[in-house]
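Lettered A, B, C, D, E, F, G and H in written order, each chain numbered from 1.
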Amino acid sequence: MTMSELRRLLDAVRAGEVDPDSAVGRVRDMLRRAPFEDLGFARVDHHREIRQGFPEVVLGLGKTPEQIADIAGRIAARGSPLLVTRTSPEAWAAVRRVAAAARYHEQARAITLPGTDVPRGHGSILVACAGTSDLPVAEEAAVTAEVMGNDVDRLRDVGVAGLHRLLGELDRLHAARVIIVVAGMEGALPSVVAGLVSVPVIAVPASVGYGASFGGVAALLGMLNSCANGVSVVNIDNGYGAGCVASMINHL
Amino acid sequence: MTMSELRRLLDAVRAGEVDPDSAVGRVRDMLRRAPFEDLGFARVDHHREIRQGFPEVVLGLGKTPEQIADIAGRIAARGSPLLVTRTSPEAWAAVRRVAAAARYHEQARAITLPGTDVPRGHGSILVACAGTSDLPVAEEAAVTAEVMGNDVDRLRDVGVAGLHRLLGELDRLHAARVIIVVAGMEGALPSVVAGLVSVPVIAVPASVGYGASFGGVAALLGMLNSCANGVSVVNIDNGYGAGCVASMINHL
Amino acid sequence: MTMSELRRLLDAVRAGEVDPDSAVGRVRDMLRRAPFEDLGFARVDHHREIRQGFPEVVLGLGKTPEQIADIAGRIAARGSPLLVTRTSPEAWAAVRRVAAAARYHEQARAITLPGTDVPRGHGSILVACAGTSDLPVAEEAAVTAEVMGNDVDRLRDVGVAGLHRLLGELDRLHAARVIIVVAGMEGALPSVVAGLVSVPVIAVPASVGYGASFGGVAALLGMLNSCANGVSVVNIDNGYGAGCVASMINHL
Amino acid sequence: MTMSELRRLLDAVRAGEVDPDSAVGRVRDMLRRAPFEDLGFARVDHHREIRQGFPEVVLGLGKTPEQIADIAGRIAARGSPLLVTRTSPEAWAAVRRVAAAARYHEQARAITLPGTDVPRGHGSILVACAGTSDLPVAEEAAVTAEVMGNDVDRLRDVGVAGLHRLLGELDRLHAARVIIVVAGMEGALPSVVAGLVSVPVIAVPASVGYGASFGGVAALLGMLNSCANGVSVVNIDNGYGAGCVASMINHL
Amino acid sequence: MTMSELRRLLDAVRAGEVDPDSAVGRVRDMLRRAPFEDLGFARVDHHREIRQGFPEVVLGLGKTPEQIADIAGRIAARGSPLLVTRTSPEAWAAVRRVAAAARYHEQARAITLPGTDVPRGHGSILVACAGTSDLPVAEEAAVTAEVMGNDVDRLRDVGVAGLHRLLGELDRLHAARVIIVVAGMEGALPSVVAGLVSVPVIAVPASVGYGASFGGVAALLGMLNSCANGVSVVNIDNGYGAGCVASMINHL
Amino acid sequence: MTMSELRRLLDAVRAGEVDPDSAVGRVRDMLRRAPFEDLGFARVDHHREIRQGFPEVVLGLGKTPEQIADIAGRIAARGSPLLVTRTSPEAWAAVRRVAAAARYHEQARAITLPGTDVPRGHGSILVACAGTSDLPVAEEAAVTAEVMGNDVDRLRDVGVAGLHRLLGELDRLHAARVIIVVAGMEGALPSVVAGLVSVPVIAVPASVGYGASFGGVAALLGMLNSCANGVSVVNIDNGYGAGCVASMINHL
Amino acid sequence: MTMSELRRLLDAVRAGEVDPDSAVGRVRDMLRRAPFEDLGFARVDHHREIRQGFPEVVLGLGKTPEQIADIAGRIAARGSPLLVTRTSPEAWAAVRRVAAAARYHEQARAITLPGTDVPRGHGSILVACAGTSDLPVAEEAAVTAEVMGNDVDRLRDVGVAGLHRLLGELDRLHAARVIIVVAGMEGALPSVVAGLVSVPVIAVPASVGYGASFGGVAALLGMLNSCANGVSVVNIDNGYGAGCVASMINHL
Amino acid sequence: MTMSELRRLLDAVRAGEVDPDSAVGRVRDMLRRAPFEDLGFARVDHHREIRQGFPEVVLGLGKTPEQIADIAGRIAARGSPLLVTRTSPEAWAAVRRVAAAARYHEQARAITLPGTDVPRGHGSILVACAGTSDLPVAEEAAVTAEVMGNDVDRLRDVGVAGLHRLLGELDRLHAARVIIVVAGMEGALPSVVAGLVSVPVIAVPASVGYGASFGGVAALLGMLNSCANGVSVVNIDNGYGAGCVASMINHL
């Protein structure tokens, strides 16, 4: 509509109904504000759609089941893919009523509705973790990556205190284009993995543990201080963030 | 120049040399990028000048005397007022060579060159502190406020452990339009002052003290938890920031 | 009453019933103690009333519904305006019985009873925040500012990760006399806003987020370290405090 | 009994029934271990009894009502005074069955049974606090001091943001031999009080507040960094500890 | 003088020269301000002198030798006792020129000039510490207590890892009226000492140690969490503060 | 089986059915991967079994009763000893159905099923703690050590604030080959114990306490800064870890 | 050589000189250890070379100029590319004597010697920062990326407090395949940048700032809590690490 | 002598020179105090000598070269072994003058003089570390263990980011009776090592690293949260402490 307004203005200039001087003033006003409002809005959204076919992600945390179902219904209605993170069985019960094709991932605490034209990533993403307590975070990462168009390989139960299990999966490590490593407690697994591969490793500290694990801070610090090349870190328990970064890399 | 380009385009439209459709395309391109570059740049700077007559402040920290003198010389050359914070006698020696009218504030560790047309604030700003060790921070706040066009009253040696000294200066507290309070150690002075006045109090934690003062953190926390109304806080030792906020309020 | 006692004493001196020497002793006793008790009390309250028409605010946290209703009833009975913060539906049920004209602000978790002669602020206060999880804190700030006599404009859903939404509201940013910015997570919004305006920005860290947000500490640190001029900070989630500071500035 | 055993041994030596060499051996054995066990135990208890008539205090935290009643019953049965801290109505219900004369202090969350021969302290202890949320801690301190034989004066609602209320109670401040000051948030009250008196001030940080109060840490740091003479500090919320220290000083 | 002004006013009232109404107004003005200025000022200073004969202590930290000598000279000139803490040999060289009778305490980093009429404390103060690295803090406490009129007993080299040394000095522990315990590292000595005596223990964390001692924080936390009765704590390395508190108790 | 495959390959080489070149290739493939998978796996497990007869420990935290019972049933079925830590009565109810001989340790929150051929340690392990609130952690350590084949002596109620109780148990301290000391609050007990014995002391900080105990951090720091020789530390509340280390030392 | 040994063994088996049973034993020995030593070593190094042509990076921190020159000389001698980080002019003086073609990057504090056959990345890497104090870290990232075979675009002086400068460079932001953003103080720049682009953003907190910046912790927390998609974080001041990750992504 | 005094007393009792009653009083006095002084003192020292032949270790930190030489001279003069930690070349120059046979360990910053009759440990102690920056701490541990009578094997350059180097040394890992692992940065090496062996692992965090390593805190937390069995931890950089613990275990 902004563009059609402009068109009308230019038509008026050509027709001599508006003189160039006052047209300059009116365009300058548009220059001053429009790009931030309309064009800007369009461009960013456009970018977001182009890169992932994913205009919006719903963070379930702190929203009521009704609010989540409301948003999800509108997304599903316009045919877009859907991802709700940090959600609950109650929210799932509400969402399935408005989006029958959606699916609930219990361990990941996520709801998804796959999009038909989400561009596919070039390789596969490996999501590795050590223990069963890391699984909710690892699954959030895996489900995020999948719904964004990536093949995901899940590697579980590979902790640094029993290296043989990790070393026994070298083939799978080497087959990945990007690796997400979730680890709690001392958070050493990303360093060990990064020392074995030649692709980027996204480290996710998990808030599992007790005492001096300080809700994942010990793992976070361990990962930030990794002595291995190729490790970068996201927030504690941020499986979604890791899935995003990995997907973005895998789509390059 | 952007505007003159636009004028030429509109003239060409009116003259029928450019058809409206392709003009729409060219204006859309301008809309997409120009405002960020030229107009945007101009506007923000313009704002900054309008509000304080102060287009630029030089943070001396981490700059060599030569770098500081170089920047200061260019500012002085275009007739603008000058403020260099966190500077040193060495930098001062270099600056005075290029800006003879500049002045060095030893305690504030600042260099100033007053501007002629800096707008004056409406009331006066009181800068209060408890001990001599708070003086460098208090003076940085005071000098900043002065060079930005404010009358400044300095109140020293008013600590919470000797209330009579503070209570003996109630007139000066009540005369101020904004009050900056610098305090280290337990940082309680802003709470006490704010309980006695009806104007905003900008609290500045000072890094003085030892042991569990943790370089000003104890004072910072004390100020953030103030039980008095009207207290807001800036970073530890940030006299400059407090002077800016106070000046901005005093110019409303 | 103190003043009338004094009047009776002076009348007695004039009438020769009390000799000046013993009158000096009695006045000295009053000097020694009264000002702290009665006059002092009156003066401070007087100040408080003069500036906001607001003698008392009730912090609901840790009080029972009965206690809150009791205090609220007495405030309402003497015709004063009322503000209860951090309260609950249960307290609201109890308060409405004793103050029928009071109103409950669900999102702000506040109860208000507007005063008839609260002085109006000079301009309007903009309360901006990024996400829906910041709303309770933003609303506490907005409701506080409103009940203290200010016009409030609410700007929501303007986060730094989607600048176009913020830049599209430049007019509203420029129309405000003071701006309150509530932000959780990285707390970057106040810096961006302060770079676009020429009025004071009161930053409120919100405790939303998880992991390394540490209950709002990440946002708090981000705000204290703001590289923009004019930003001062209040405690995490302290919407009330921000509303007070903003109102005080807006009444200058 | 240890002493009577010794007496019997020495009688046997004198009677020639035990030769000095083997008596040396037996005494040496006693020297090696007894003092730690019996004498040592007795002495320390003796000390404790002499100074406060208070051989034992029951920390209710983490004990079941039955456990508390069991201990309390045994203490009451031997006629000793009783103090149970951090307890609950449930424990109180159980204790009153075994110690009918005991009393429950709801706000202090304490159970007491006064002793008849507890030595009295020499002066009175003032317990001051700012707000209603500090009352549980202040009452724990007051009740502890009372059951240990001290006169206690309670001063409430004296915060640093409204100095007139504190200054209006100078007489009570000056009448105390020791002062306990409980404060949360910025924890500035002990500094202000200590600047007004010439007796020791025991500061107790309270865990009230939110955000950057960090559960009393802000108040704790404020008190540790007090710029006033005569302030020492106990743990956050440790009303009991403050009452003990104050009682000990008041009994000197 | 305030009182004589009042007398003149009352005389004028009696003489009918001033009518009671305007006299009420003038007295009210005095009530409003005088007590904070003159009476307040006088009273607090008077208190300070009465209790310790010690109107002023000079914190050497951050002052030049000249500044220290200047203050010290004026104190010595009016015959008052002198205490300079956290000072240096350079400051000492300057002070001895203006106060020949002063004395330098190298280990305590303090300068003293004993006062002739400082009131004596009632008992003796024991200053205990574990290792040689705690000595500067312990000596600052001891020198402070001595110059404030107390007998001081120094107990060194009594650490918790070699209990026999502490237990061998039980007599000296029992002879003290107040005990100051300085300890770094794990800061356990105050707990052990307090378990052996029946007098107040002032605990001073020392910043000695490395790694996870965090500049005395480990010791500070240990002391705040002491499981023994009668322990209160001052800031890290605050020997002066401990000496003050102990002296105040010893003068009760 | 890997070895038998190799045997078949070598037989085929000898028989001339496989030529050496392709055999080299096949062995190289085994070299590249097998050791990590099969041999590696076997060796590590073998080690674990040899040293403690303990192939697996179940951390109950975050597992459902069903999951725990499932794992426990399989362990019991193959005749292995069982240890479930951080478990609950509900899990115990489920486990006893599949492992009738198992035992529930309420205070330790652990389930055990002793193994018949667990090698015995050489001496006994002493588990000492101060208060009743440390008992769950101390019992977890004791139960862990017992099920791993060690004699355990339990020493309770020995705190640093009442040294006589600890000193009265010197014989038991001296009888141990390894000592585990659990302590909360100031965490000083390990230092005192280590000063009295000549064997390794494993210190376990307990999360008991309040305020500045910070969930066991104060005790942890105290233990890390121990001034006594022979102290090493495990995580807060990690009774299991301490039991493991002690058992490992006791089996040397 | 390992492989040739195996070949000789298999030849001997075929020739009947070694019987299969003892051959199994000898191969099992190789299986047990060789892969860790020789094959493993070779493989990992091989990986490292394949991916970056970069077998070794020298961290200059804590090494003497002689040590650095020694290592650098050996690397240069075998024709490999060289990167020394966190080095000094003194080390540079020593290195240039042994590697004449090396180059010193003063701002980055790095020494490089480009390799001839380092594989080139596919796109270009943008390194953005806000202020001059971030330049050493930004340059370390840029120099690292360059020597690892990437085209690097440097974008300076783009802070969040002056958005127009950043928005004026949208083209350069959109041209990059990976973006490294260095920021100190509040660390908000990566969030803003990530909101404008569709490629991965590597955030590097810089230790610039003072007071509550806590040596880069404020920036680190801000980045970890970024509300924008696609941001991952490396350690404070870790320009090298960011360069590595970015190069690894750019080589995919 | 105490015992002979007792003998004389008992002889006097038998001889009728002292009556039992007063003898009871005199023995009770001995009971009350002697054990703490003489017996206690003797026993503890005796223990220390018996277990390591090592009555004293000199912490060089904070002592002048003269003080160190003085203590070292006296130790050497009585023929005892000597260990000075955290010392300097200057102290070494002073010590060698008084103890010609002493030796300086530059990397370990230690001075030793081996004792002739120090009992030997039963196995060998492995000291492992990752990088050259860990060497001072690792050497302090190794030198401590050696002078206390242990065989020490040093394993260097085994980091988790290049597992092949560690796995290539499995034989040396398996040969040790106790293992000390020094690691900075993420501190993951002890977990990996403990997963490969069946002996106790003493973990020593090193303060190497920068940024979020926080002077060794990241490594410390990593080690405390180790997911491997058998790991216990000492203070940051505490090589001496680790050497002590390991030696104590190796002497069992």
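We take it that a residue touches a chain if its C-beta (ideal position, glycine included) is under 8 Å from a C-beta of that chain, and two chains touch if they have at least 3 such contacts.
Given the structure is predicted, the values throughout are model-derived calculations rather than measurements.
Participant: Can you name the chains that touch chain A as well as chain D?
Facilitator: B, C, F, H
Participant: Can you list every chain that touches chain A and also touches chain G?
Facilitator: B, C, F, H
Participant: Quick check on the contact network: minimum steps from chain D to chain H?
Facilitator: 1
Participant: Please state whether the interface between chain B and chain G is built from the same residues or different ones, using more than half shared residue numbers as the mark of same.
Facilitator: Different: when the shared numbers are divided by all numbers used, the fraction is under half.
Participant: Which chain pair shares more contacting C-beta pairs: D-F, or F-G?
Facilitator: The comparison resolves to F-G.
Participant: Looking at C-alpha means, what's the farthest chain from chain H?
Facilitator: Most remote chain from chain H, centroid-wise, comes out as C.
Participant: Can you tell me the C-alpha superposition angle of chain E onto chain G, nearest 5°?
Facilitator: Best-fit rotation on C-alpha atoms: 180 degrees.
Participant: Suppose each chain is reduced to the average of its Cα coordinates; what separation in Å results between chain A and chain C?
Facilitator: Each chain's C-alpha centroid was found; their separation is 39 Å.
Participant: State, to the nearest whole Å, the distance from the C-alpha centre of chain F to the C-alpha centre of chain H.
Facilitator: Comparing mean C-alpha positions, chain H is 25 Å from chain F.
Participant: So, what's the distance in Å between the C-alpha centres of chain F and chain C?
Facilitator: 56
Participant: Report the inter-chain centroid distance for chain D and chain G in whole angstrom, where each centroid is the mean of the CA atoms.
Facilitator: For chain D versus chain G, the centre distance works out to 60 Å.
Participant: Which parts of chain A, given as residue numbers and ranges, touch two or more other chains?
Facilitator: Residues 36, 43-44, 162-163, 167, 195-196, 211-213, 217, 220, 224-225, 229, 235-236.
Participant: Pairs of chains that touch, anyone?
Facilitator: A-B, A-C, A-F, A-G, A-H, B-C, B-D, B-E, B-G, C-D, C-E, C-G, D-E, D-F, D-H, E-F, E-H, F-G, F-H, G-H
Participant: Which chain A residues qualify as touching chain H in the complex?
Facilitator: It comes out as residues 130-131, 159-163, 167, 184-188, 191-192, 194-196, 209, 211-214, 217-219, 221-229.
Participant: Contact residues on chain H for chain G in the complex?
Facilitator: It is residues 132-133, 162-165, 167-168, 170-171, 208, 210-213 of chain H that touch chain G.
Participant: Could you please specify the touching residues of chain H with respect to chain D in the complex?
Facilitator: Within the complex, chain H contacts chain D at residues 2-3, 6-7, 10-11, 13-14, 16, 19-21, 23-24, 27-28, 30-32, 34-36, 39.
Participant: Inside the complex, what are the residues of chain H that reach chain E?
Facilitator: 33, 36-37, 40-41, 43-44, 61-63, 205, 207, 215-217, 220, 235-238
Participant: Quick check: in the complex, which residue numbers of chain G touch chain A?
Facilitator: These residues of chain G touch chain A: 44, 47-48, 50-51, 123, 177, 195-200, 202, 220, 224-225, 229-236, 241-242, 244-245, 248-249, 252.
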